[in-house]
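Shared chain: subunit A. Partners: subunit B in the first complex, subunit C in the second.
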Partner chain A sequence: MSKLSIRETVQHINTHDFVLHCNMPLGYVPGLPILKIIHDELCLQVPFLKYKVTGQPDQTLVYPIRYTVTMTWPEKKMIGFSNLSYDPAFAQVDFSKAIGFFRHDAVKHMKKAEYRAMRDELLDQYDKVAAALLEGAEYTQEDEAHMRRLMQIIMEPSLYPLYQALDQDFYGKYLAE
Partner chain B sequence: MYDFEPVEFDFDGDGIVDATAMPLDLDGDGYEDGTAVALDSDGDGVTDLVNVDLDGDGYTDVTALDQEGDGIIDMVVADLDGDGIEDVAAMDTDHNGVMDNFAAEVDVDGDGIVDQLVRANDYDQDGVVDSAHVYGDTDGDGQFDTASQIVTEDGVTTATTRYDFDGDQQIDFMEEEVIADADGDGNADFYSVQVDTDGDQQYDGGEAYANNPETNSLELIAAEGLYDVEYEVPQMPNFDPEAADPEAVAGDPASSMENWEFQEATNRCTLYSQKFVIEELTGEEVDIEDFADTAEENGWFTEEGGATALNMNKMLDYHGIDNEMSFHGQIDDIEQCLNEGGKVIVSVDSGEIWEGESDNAFAPVDGADHAVQVIGIDRTDPENPMVILNDSGHPDGCGELVPLDVFEDAWADGDHQMILCH
Partner chain C sequence: MAKIVRNANFFKNKEELPASQAAPQAAPAPIPAAASEEKTELPEVDTAPVQLDYQMSQQVRRAIYLLREMGMDALARAAEQARAQAEKERFTVAVAGEFSRGKSTFLNAFLGNEVLPVGNLPTTALLTRIRYHEKPVLVYADGRGGKRSMPLDEKAWDGLIADPIDGNGPEGSALVGIPHPFLEKTHMELMDTPGAGDLDQERARTIGEALLSADGAIIAVSATAALSESEKLFIEQRLIARKTPFLMLILTKMDQIPMKERPMVVEYVKNKLKLWGMDIPVYLPYQVEMPDDRYQDIMGMEKVQGQLIAWMQHPERQALTQEWLKGRLSAILSTAMDALKEKQALLEGDDQQRQEKIRKKKSALSHAGVAMGKVEVEMLSRCGQCLDWIREKADESADRIAERLEYEAAMAGNLQKWWQESYPYRMKIELTNMASAMEQGVSRQIAGDSKWLNAVLEQQVKGRIDVAPAPITDKEEFSGFTARKDVKLSNIDRQRMITRAGTTVLTIAGAMLCTSLGGFTLAATMGIGTGSSLISEQVFKGRIEKQREEIKAAIRANVPELVESSLSNSSRRIKAIYDEMIGQARQQQQLWLDAQHQALENSLDPQGSKDMQALKEQMKSLQQHLDALQA
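Then we have the complex of A and B:
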């Protein structure tokens, strides 16, 4: 079994053999993953979406999440691929049109390196949650509050409804007001 | 042939006709199709209820009522889908003989479940609906998730639709469409759409179209918000063979540049890259439309999404070009292939190629979104080596010069994917 962390797994997922064969067009990148329990197993659902750098400050276009890939954790056994454009729950989403801008207000003050460092820090928090769930490692209310705070800073608000539609529990724990 | 004489009934024997049944021949073929029955339900000598069986199945399809007993029909209900339940109703609420209030339940997909509820009003009694509300269940879960209000006034129709994607009773998305026919000729003169993409009830993007009298079609006249992001095409330097030391250049970029074409506003970068290589290696001209048709027919490409990473060499295979696709390549691999007379295609992050690194304009995650042909590496200035690209995605992409370190970063975003062709 690979020892890659959740952050490393997400960052390299585009060239995973399973993902390569999912037929996602060029340009789709992994968003922030969703931790969920499926049949008593911890799983990682990785959404895929597009961004379009326009060259204009804070006007990188954010497109809707269109695909998801789900794997068990920590085994990383791929258990699912979904094209949301064929999911009735997303019937009203126009996947060809941008739904928001990046940088959003919460990160407008951050330079690229600073933003990426905070995003990495957030992804590292996922491993803490996984360790708590799998091994009973210590995970305090402060840890959860910290992850929630990072999530609400890093995630583009335009993606909130999509995350809510993908996983109400995850949304309620980390993103809901 | 049928005798179409009406039949009168006096159920209570008081000498007053209580009901009249009239066979109907709706298609004029001389045979009965259905029946209309007019009833005087309260025995006042005035017909106040008419039941119509349009298809002769013995069940009432349309019922007209005179609820006020004034001789004027003020309500009509109909069972259009024949399920025994009325699904359309029209009412004359002010009893002036003009129906002004309408309601309908519609099973759009025919699965037996109502997907749309429609309410409409003709406030000014001119026979034209002025306002309508439509509630839709788009995902078939039995819960209405869209609500539209459609208002028509002075030839201008405004439709506002609110969406609740996740069923939490909160608006996630809102859209307002306006269509105007100012001269009343039946053709739209103006159309606009505004969208609120974050559910904050504030429109954050939109477009407007007006009729061009010369073409008699709607053309975009304005856009703002998300659709108005001006894409600044950055100036890119191009390779100049006269300024380069031929001994320090890998590949034959001057020759390769003759094959470059601009892909315009399409997702055909992977196709153009392969076309360039095929034309160079075979000397045959490739028609891009035929090329795209073949790729699409074989499932290797779509106009909407482009191609996947694994399908970037499928047209090379189709044309019999010897090629090898891999990830985690090195710049030395590219240089060696070019020096041996081979051709190279790579996937890159276009934002980094065109915009470079910027602290104010970047994406949250890097990834390859574009395919280009690497046609040379110029080390004329050893301190500033340049990669030379045939980039179909840029209007000046013929022999596009990119600093090696910038290219390395953009290439790394696609995990150094490369296709070496011989």
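Then we have the complex of A and C:
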């Protein structure tokens, strides 16, 4: 079994055989994953969304999450692909229209390296959650608050409703006010 | 095995996967390629060979003349061969594909005669050409100048088919002549090729050359394993890259697919071809029952014949052939031009400047060796990644297989029967499925790596390699599988039956005996009989559970071993494929280095301005010629 962390897995997911066969249009990149429990197994759902560079600083367009890929964790067994444009729950979403801009206010002041470091730190926090759930490793309230803080800084606010629609529980734990 | 989370309420609520998380929607089916109109009688066919137009003929002649004049005899010969190929008399159609895809069976059906040997194991060892002849005849050429002619009867193929025991087959080629009206009328030559996955290096080269000379190719794909990555590689590298003018794909073995799934297979193949950007029509050569009639226009041997005739009558056939010839000539002349440019660069300037250039060139050539060394290291690293991948997949597969089989053992009614009969069969199925998945994954990685290597070679030495698809797993290795014998199982169902029968007989006998002694004794006997039945049932239940646990333990121990042994040769095969790629790359580099060194040698002792002037003239003529060709 591959020992890749969640951060590495998300980074390399675009070259995964399964993902390649999903034939997502070019330009879709993985967003922040969602941890969920399905039939008592921990699963990682990776949403895919599109950014469009406009050439203007902080005016890069953010498009809605359109696809998701779900795998069991830590086995990384692919269990689902979803094209949300066919999902009735997302019928109101116009996937062809941008929903926000990057960089959003919370990260506007950051340099690229700072932003990347914080995003990596956030993704490393996912491993902590996984370790707590699978091996009973310590996961304190401080850890949870820290992850919540990072998540709310890194994630574009325009994506909140989509995360909420994708997973109310994960949203409730880390994103809801 | 999957890990279970410790706190299922961590995210408050469990969530089921929404129904929408299903497989991606299939792409819309492409419109079937236009098939020729239905006709039982063959239409009149123009069988005249392609006539190069005057301008093209002149261009070829001039190119050959120029190359000879420049002393580039090898390139001149290549141009002559290309012209002969374009003007050949027969329209040649190759039937190609991986082994055991029903190529020979298709040709037999096409010709309505058992002309070619067929079998479940790869049988076609020889490249076989089939032409019209008044009497059935088989001519075998051994490849060393020897020829043997014999009547085409049952014994004709003795010794000429692949030996399924040691895999060896004869070398050379066979020519079959048969009195077939289609071949007579069309002057067509059909070519049966050995399965692509079944080739050693020499045969791979032979089939490559044969396909290079084909006007069209029929790609045989089995409906039971349609379009693997290695088949894609084969079509791309052997047919499309070599500009085979006409292509069609036939789906064989459709009868082995359940009827309701047949349309899905056809659509899958069409969609996959579309996805790969290949505009190739698909045909079903045999009449098979389909749930509806939407495939009538691509079904039946006469539709395949119609497509072949359409190829021959294609108004652009001559243009396509000339286009092919232009491409070949351009490539040959470009190679010549590169060599001349190299020579010119070295001849320019005064003696001192030339010496400096030569020194730099020598240094660059020695660096080219180092750069190639780096490429080799990178390829070895990619090979390592491929081996890691297969190892990882093997571990995952072992877990999954064991999990499934343990579940089946838990559900089995008669454990002894399941262990002795179902388990070996299920294990074989699981291993075969695993091998198939591995094949696809590895083929994809190899395809990617060969693409990368070709891009590097193109840039560094202006060359490219061909990677013949080769299987990395061997289903024969699974057939020797036997279940482990260290689980001793008794037939508990049988023992239970015997015990039940015994208890019943004793109870009845006791009851009958006691009837004569009085009612109370009878009741006691019945009670004892029932009690002993219940006790024995409990004992048997315990024994069954114990057996089940033993079997589960055996599966857990057994599966990883079997997965390991079934893949024992795969790593070796993968390594061989990468070694082959590296070897071919080395050869390409050597060719390029030789040419460069030759140019260097020529420039060491120049004949002054006279030599330079002549070179410039040659380059000018060549460039004009190239421009004319590419116009």
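In this text, the second predicted complex is superposed on the first by the 177 of 177 C-alpha atoms of A that agree within 3 Å, B and C clash if a C-alpha of one lies under 4 Å from a C-alpha of the other, contacts with A are read in each partner's own complex, and residues count from 1 in each chain.
Operating definition for what follows: a residue touches a chain if its C-beta (ideal position, glycine included) is under 8 Å from a C-beta of that chain, and two chains touch if they have at least 3 such contacts.
Here the structure is a predicted model, which means the values were calculated and not measured.
Superposition of the two structures on subunit A leads subunit B and subunit C into a clash. Taking subunit B and subunit C in turn and counting the residues of subunit A each one touches, the greater count comes from B. Residue contacts after overlaying the shared chain place A:93 against subunit B, while subunit C stays out of touching range.
By the document's definition of touching, of the two partners only subunit B reaches A:51; subunit C does not.
In the superposition on chain A, A:70 contacts subunit C only, with no contact to subunit B.
Judged by the touch definition given at the top, the superposed model places A:28 against subunit B, while subunit C stays out of reach.
With both structures placed on the common chain, the touch criterion links A:36 to subunit C but leaves subunit B unconnected. By the document's definition of touching, both partners, subunit B and subunit C, reach A:168.
Once chain A of one complex is fitted onto chain A of the other, the partner contacts of A:83 are limited to subunit C, with no touch recorded for subunit B. Within the three-chain superposition, the subunit C stretch that clashes with subunit B turns out to be 454-462, the only such case among 454-462, 490-498 or 616-624. Note: residues 21, 23, 88-89, 168 of subunit A belong to the subunit B contact set and to the subunit C contact set alike, using the contact criterion stated above. Interface residues of subunit B facing subunit A in the complex, by the touch rule stated above, are 138-141, 145-146, 163, 165-166, 168, 172-173, 197-199, 226-227, 229-232, 234, 267, 269-270, 302, 304-312, 327, 347, 350-351, 354-355, 357-371, 414-415, 417. On the subunit A side of its complex with subunit B, the touching residues are 12, 14-15, 20-21, 23-31, 50-61, 88-93, 96-103, 111-113, 115, 119, 154, 156-158, 160-161, 164-165, 168.
Taken in their complex, subunit C has these residues touching subunit A: 2-8, 10-18, 20-25, 27, 275, 392, 395-396, 399-400, 441, 444.
Listing the residues of subunit A that touch subunit C in their complex gives 1-2, 17, 21-23, 35-42, 68, 70, 72, 74-75, 77, 79-84, 86-89, 129, 132-136, 167-170, 172-173.
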